[in-house]
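A, B, C, D and E are the chain letters, set down in written order, and residue numbers restart from 1 in every chain.
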Amino acid sequence: MRLPSGTYAQNYGQDIAMVRTRSHWIFLAVLMVFVFTIPQWASNATLALATIIGITIISAHGLNILTGNCGMVSLGHSGFMMVGGYTLAILCRSAGLPFWVALPVAGLVAGIVGIIFGLPSLRIKGFYLIMATVAAYFIIHWLVLQFRSLTGGTEGMPVPAPDLFGLSIRDKTIYYYVVMVLVVLATVVAKNILRTRAGRAFVAIRDNDLAAEVMGVNLFSYRLQAFFIGCVFAGIAGGLSVQYYSFANVEQFPFFDSVWLLGMLIIGGMGSVSGVIYGVVAIKLLQQLAVKIGPSLAELVNPQAAVGLSLILPSVAIILFLIFAPQGISHMWERFRNYYQAWPY
Amino acid sequence: MTFFLQLFITGLALGMMYALIAIGFVIIFKCSQAFNIASGQIVMLGAYLGYTFLMPLALPVWAAILIAIAVGVMMGLVIERLTIRPLLGQPPLPIVLMTIALAGVIDGVAILGWGGEYQAYHDRLPAITLHLGAVSVPPSSVLALIVSVVLVAILMFVFRFTKIGLAMRATAEDEQVTRSLGIRATTVYALVWVIACVVGIVGGILLGGVSGASPPLSDIGLKALAVVILGGLDSIEGAIVGGVILGILENLAAGYLDPLMPSGGGLANVFPFIIMLIVLIFKPHGLFGLKRIERV
Amino acid sequence: MKRYWVIGLVLIVLLALPLMAACGEEETETTTTAAVTETTAGATETTAGATETTAGGETPTTVGGPVTLYLGGTFALTGAYAEDCAAVLAGFEDYTKWVNENHILAPWYTDRTIPGNITFELLWGDDALAPDKTVTIYEDLKSKGLLVERISGTPQTMALKDLLIEDQIGATCQTAAPAALLPPGNIFLKNPILTDSLAGAADWFLESWADTSRKPRVALLTADSALGRNLDIPEMYAYLEEIGYEYVGAQFVPQPATAPPTTQLSWLKENNVDLTLGAAVNPTTQPTIKEAVRLGMGPDQPYKITFCFGEPGHLQIMVPDMGAMANGTVVSGDMCAWEDKVDGVAFANMLQDTYRPNNRNTNIMYLDGIVEAMTQVEALRLASLETNPAALTSVDVLQKGFWQIKDFNTGGICANNLTYGEGDPQGIEMVRIQQVQDGKIVDLGSRPIKRNILPAAK
Amino acid sequence: MLRVNNIEVSYLNVIRVLHGISLEVGDGQIVALIGANGGGKTTTLKSISGLLKVEQGQIRSGDISFNDKRIDHLGPEDIAGLGISQVMEGRRTLEHLTVEENLQVGAYRRRDRAAVKRDLEMVYDYFPRIREYRKRVSGYLSGGEQQMLVIGRALMADPRLMLLDEPSLGLAPMAVAEIYEIIERINQERDVSMLVVEQNVKAALSIAGYGYVMENGRIVLDGPADRLRDNEDVKEFYMGISSSGSRKNYREAKHYRRRKRWLS
Amino acid sequence: MTGGAEIGQGGTQHTTVIRIDDISLSFGGVNALSNVSLDVRNDEILAIIGPNGAGKTALLNCISGFYKPQKGEIYFEGQRITRQRPDKLAKMGIARTFQNIELYTGLSTQDNIMAARHVFMKQTFVDGAIYYGRSRREEIKHRRVVEEIIDFLEIQSIRKQLVGGLPYGLRKRVELGRALALEPKVLLLDEPMAGMNLEEKEDIARFILDVYEGQGNTYPDTPVLRDGIRRIILVEHDMGVVMDVADRIAVLNFGRKLAEGTPVEIRTNPEVIEAYLGKEA
């Protein structure tokens, strides 16, 4: 990150602070106000979209740690979300645990499952690892259907509405706030993890696993840790999503969602925490655009135009980014800002 | 015993289908080190093309196949030019991501073009049924068998004995060297994509004759990836052997293990992935894949 | 430098697209906010204004003032049920046009008129079988003033179920999943749930079972999908055993069938199964039947076995696709056939002649669309008899509309007249059994449904 | 015949590698380009042969012409077609192909089968050792044999100019001598111009007629080979210990920066 | 087996730190190392020289744990380390650089060096995620060391730049800094001066000697800079550097140890001259 001139750090504590300049603070404050006032002025549909974007951001943070920072591309992320979702559903419904207890447990369970499927990462990487995560998704999917006494099989299972100090979280507005608080938390945690010991080890592994090993990074342990952290985020997102629909079903976590999550990272910028947010918003809005203009194309093409477009638009965006701006929006933004700060030079 | 044989033979036939799709993947990987995740989507598109040519247009089968090959050639060229060539020289990962996005585009196109509806053309392909004692082989599988044998023979011939085959093998070894010697690597890449698309589309027409055309058909591409992992990423022989092994195992599992499962099983859909995971852990380079030494 | 141009262009396009999307949304947003802020001024006539509940409640609208009521909901136009849903949508579209022109509920309901000041408009969105899209579409349509809803597949049903109860919105539904009825909510079914309809088929088969020396052996042969697996529950096995079957097991055909389901069929043969019950959609049924014929399995084949499927819609696609090859296949459900001489089919044909003479929709689910649209209109009509139509709320439509629909004649499209009520969302009483004979669909008569298979669905 | 005119090269638009390189190779001449690793010698060769574009490098300014035809915008395949053949660093044989197939790849663009056959014999005559292994997979050849094979492969394209990148790299001193002897023979008998990039300055200057010294992306010295051989700086910096005596001791290097002689 | 005291070449008492005992290594039939034995002692800079492909890097890779020799053993301070994982060895105190710079291209100079401090950090994710209290203090503590290393290597100006875009010479320095940050007991340098001009070579030589000697209280927070690393293994091509800097030289050729001894001995060894230096040398 380049800082504008006139910003000095007088001790190391200042130098490692997350927010450094006044404009940075203002920007953050405006963003927070915007995010937290959405329910006041937006329609229910916008609110629903914002909630879903929030949940996706949490999940994408996890994938970003795993893929963007540790370099292990996963196409099984929606499988791990499924684990979290079902864990929450089972805990809330069958064990009667409160939502607040079940949500972290959902994250942990997803993390542990992530570790199990991350085990092959000791021996394989790159494309082979992608394949292992594909296998993970389908195996999880199948297991969920198999243990129907626990999961309700294909029918899925309803989840009771949680109470928060007497307020029903089923209320979409309150739930939106819950999700957004978690999004902010997840963003801070993701950012912090990346600038400390574990995060540096992850990037070291991504950039140069041989050197990392020689420098004392335990590859095996850190790869599994990356899987664990990434999947904890996925599990929490899965739990939130299940709670949002008050229902758990395997079809809420389709395989292609993992692809979109990856696409969000590409568009936002692999490895960048703020990029995650840009990417998620961009793809979700593109999909929303497809749903919007789809019906008007229905007459011209066919009634399914919306679905076709909601596949084509984000995919084409991903392709264009891969070709023309492989470092994503966050990098473009950075360059624009550098240019702007250096203006008129 | 008949039951077992039936499962075995059907598995063999299914495996040939897998092998056909896997070959397309292997050719691309071998020559350009690119992983084509969209191979299933190409197959799915092939099935829809088969439907269009055979049902609404009611073309004879040979004409349909010929036009489909022409479409495959076009498609290969377009895909290579628009999506793969801009990434030339980059590490393999962006290309994987590119083909994933490509999968999304092809899925979308199929939905825009055919409405994502189920379309069948069961009775248009020739029905050759083989009877081996009490066991009968499904006609589509016999066709797949014939097509893949012919294809492999052609490919082997091209690879071994023609000039372009030499160029392909050379490019597979070292792109820079071959380019510096005046061989157009881009031509070779375009060619491998053309081959892969043609194989995929022809495979799709055959497959569509069995299952009909519908967007979820592209899932078979993921199963073919399991085949490729089992056989070894860069081995055509591996693709065939892996396909057959996986087809048989999948079928045996569905026949013998499914009834033992608490809720009905449905192992057929997940078995290739279980095998893939096992292979990845214990023998990541597959049965026939080359193992490359990593040097510091 | 060229590179930057391209990057810039991509950026502009990418920014522009979401902005366009946001603008599209903006319109409705501004209207809602406008309506809320200007309540005192008396909610000016925006397109949605009249139906906006908060605004409408305080607006003194004259009885004769023009009112727009909405119908529709979410449709899954992709995936396994794509064709079915597209046909349902066509039915909705045509019926809406017709009702606006004729102001009566149906040709056979000339007494049920719709006031001239009410116009109906169809609102819909394509959820692509994705529950998250279902929810956003639902919220979107609700904010536009939709007081009723319709749902396509099982996961979508489940995603909306609680919302519907909370918002007190009644919904019609094409699903046949048992889960829709557990516990009874606001989702109104007009066809029997899957277990019920296949139980009807099991009854039918048992009646014709002549061999007294042994019990008939039954197995589930079904699609490996949410719909198919809905059937595979212990209550179903128990019921089959109870009425005199020997239950053998279940086999799943991968969906889509990337290879003929030879394995599954061989397993049936190996276990001497006489009857299979299952839900299947076209991508799995057609290869299954075709392969069964090739293996010599079927009622008229060397190996005697009857295949029975519980999804009413797809027989109408299967028969044109397969012709006599599908002979002997039994489908239990409640939809009549295009060939049936009933008022409903005549009405449907008339609609198609009028609105789509050149591209007739031959899918049987077109009839379903008419029935669902009619049910929604009837609920709105009943409710507006009690309340000022401009001030209708979804609660009114649910309580004064849906719950009051009794003995509702669908023109013979459904097996019997539909009756709904509070806690009784399943309107159907009969299962219709149909069989393919000589490439034609033949009605084998109806049987009462068994509401006692699923404990909570009574 | 080859004229490189003030080229600047950068990778990925940011990393500048060459800062204005000019050099010339005359007809039938052997020119040596010497200098330390990472100095930009290989990049210079790749800019000439067009391989730079394959590696996301770019010529930012300046031009390259071959027989008075500009070639800096051409792709590597077209440049090869004009008769420029590059022997890349590190003996890059096509390992799974046989020796003869390797040589045939070299002649891929040529249509005249008879001439190709003749040249094949010619290559085997230059390198009798690889004739024995013609049906063997080239990955099993020894280092020296592989170097011969890649030179032979480049020769199969019937080039007018050969670009040799570190032909001595990693070879035993004996093998180096042999390779250089053959390079010189090829130059004389086939009238092929050569541009040799070398770290082994002694070997390179022994056959070259003219030499350029490169450092940090710049040409810092050039002249006829015999004059370079006698140059103090070249002796000191590139011929290693051979000119010991007046050499500085690294142990005595000071903490402050030392100014380089030839830039002053 | 323990590293016992031995009499060194110069007659002074040296302790063996690393003992390489008769190791052999081959890849697919090609012998990279055959029966190499070598001792690394206290208070010396040991240089390993030899032509390309002689097995110098392979030997280094064996010591740092990348390659597992098929035969023979390696001992570090008396402990057998032949089959240890590289990261364990790093924690035991063996740090190295690479021939072709292997930096973390996506991190800044400062973070590259900080990443090596990793082994000394005690924070867990939870600490890291909160970034307050313990983990913040720890970050700052290690940051001090990193800054001293940056200062020592004179790379202050590129502290926050991504290393991917740095010039070659600076990247080499960052890599050296990263190895130093591990506070190793033994430093392995694989061709630290490859591809450098004289000036840069002198700089690096100076840095190596400074590290060896220690800088005392100029760098109070970094023990390695304060006290020096008294065992350095240097794999190098440039004879001039090697002759000047090293205390002892081992010559490898075709995977075998050709000779071992002081620079003077090596320079006059006829075998070495024959195989490597060339006759005129």
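Simple rule for what comes next: a residue touches a chain if its C-beta (ideal position, glycine included) is under 8 Å from a C-beta of that chain, and two chains touch if they have at least 3 such contacts.
What you are looking at is a predicted structure, and each value in this text was computed from that prediction instead of being measured.
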{"item": "Path length in the contact graph (chain A to chain D, fewest steps)", "value": "2"}
{"item": "Most distant chain from chain D, judged by the mean position of its C-alpha atoms", "value": "C"}
{"item": "Centroid spacing, where centroids are CA-atom means, of chain A and chain C in whole angstrom", "value": "34"}
{"item": "Inter-chain centre distance, chain B versus chain C - centres from mean C-alpha coordinates, in Å", "value": "36"}
{"item": "Mean-CA-position distance for chain D and chain C (Å)", "value": "74"}
{"item": "In chain E, residues with contacts to at least two other chains", "value": "66, 98, 102"}
{"item": "Per-residue overlap in chain C, given as positions that touch at least 2 other chains", "value": "77-78, 82, 86, 229, 232"}
{"item": "Sites on chain A at which at least two other chains make contact", "value": "145, 153, 210, 302-304, 307-308, 310"}
{"item": "Residues on chain E engaged by chain A in the complex (per definition of touch)", "value": "64-66, 85-91, 95-96, 98, 102-107, 111, 114-116, 118-119, 121, 123, 125, 127-131, 135-136, 139-140, 143-144, 178-179, 182"}
{"item": "Touching residues on chain A, where the partner in the complex is chain B", "value": "73, 75, 119-120, 123-124, 126-128, 130-132, 134-136, 138-139, 141-142, 145-149, 153, 210, 256, 259, 262-263, 266, 301-305, 307-312, 314-316, 318-319, 322-323, 326"}
{"item": "Touching residues (chain side chain A, partner chain E) in the complex", "value": "12-13, 15-16, 18, 189, 192-193, 195-201, 203-204, 206-208, 210-219, 225, 229, 271"}
{"item": "Contacting residues of chain D [partner chain B, same complex]", "value": "49-51, 54-56, 75-77, 80-81, 85-86, 88, 92, 94-97, 101, 104-106, 108-109, 153-154, 157"}
{"item": "Touching residues on chain C, where the partner in the complex is chain A", "value": "3, 6-7, 10-11, 14, 17-18, 20-22, 24-25, 28-29, 32-33, 75, 77-78, 82, 86, 89, 124-126, 128-133, 135-137, 139-140, 142-143, 153-155, 158-159, 161-162, 166, 177-179, 225-230, 232"}
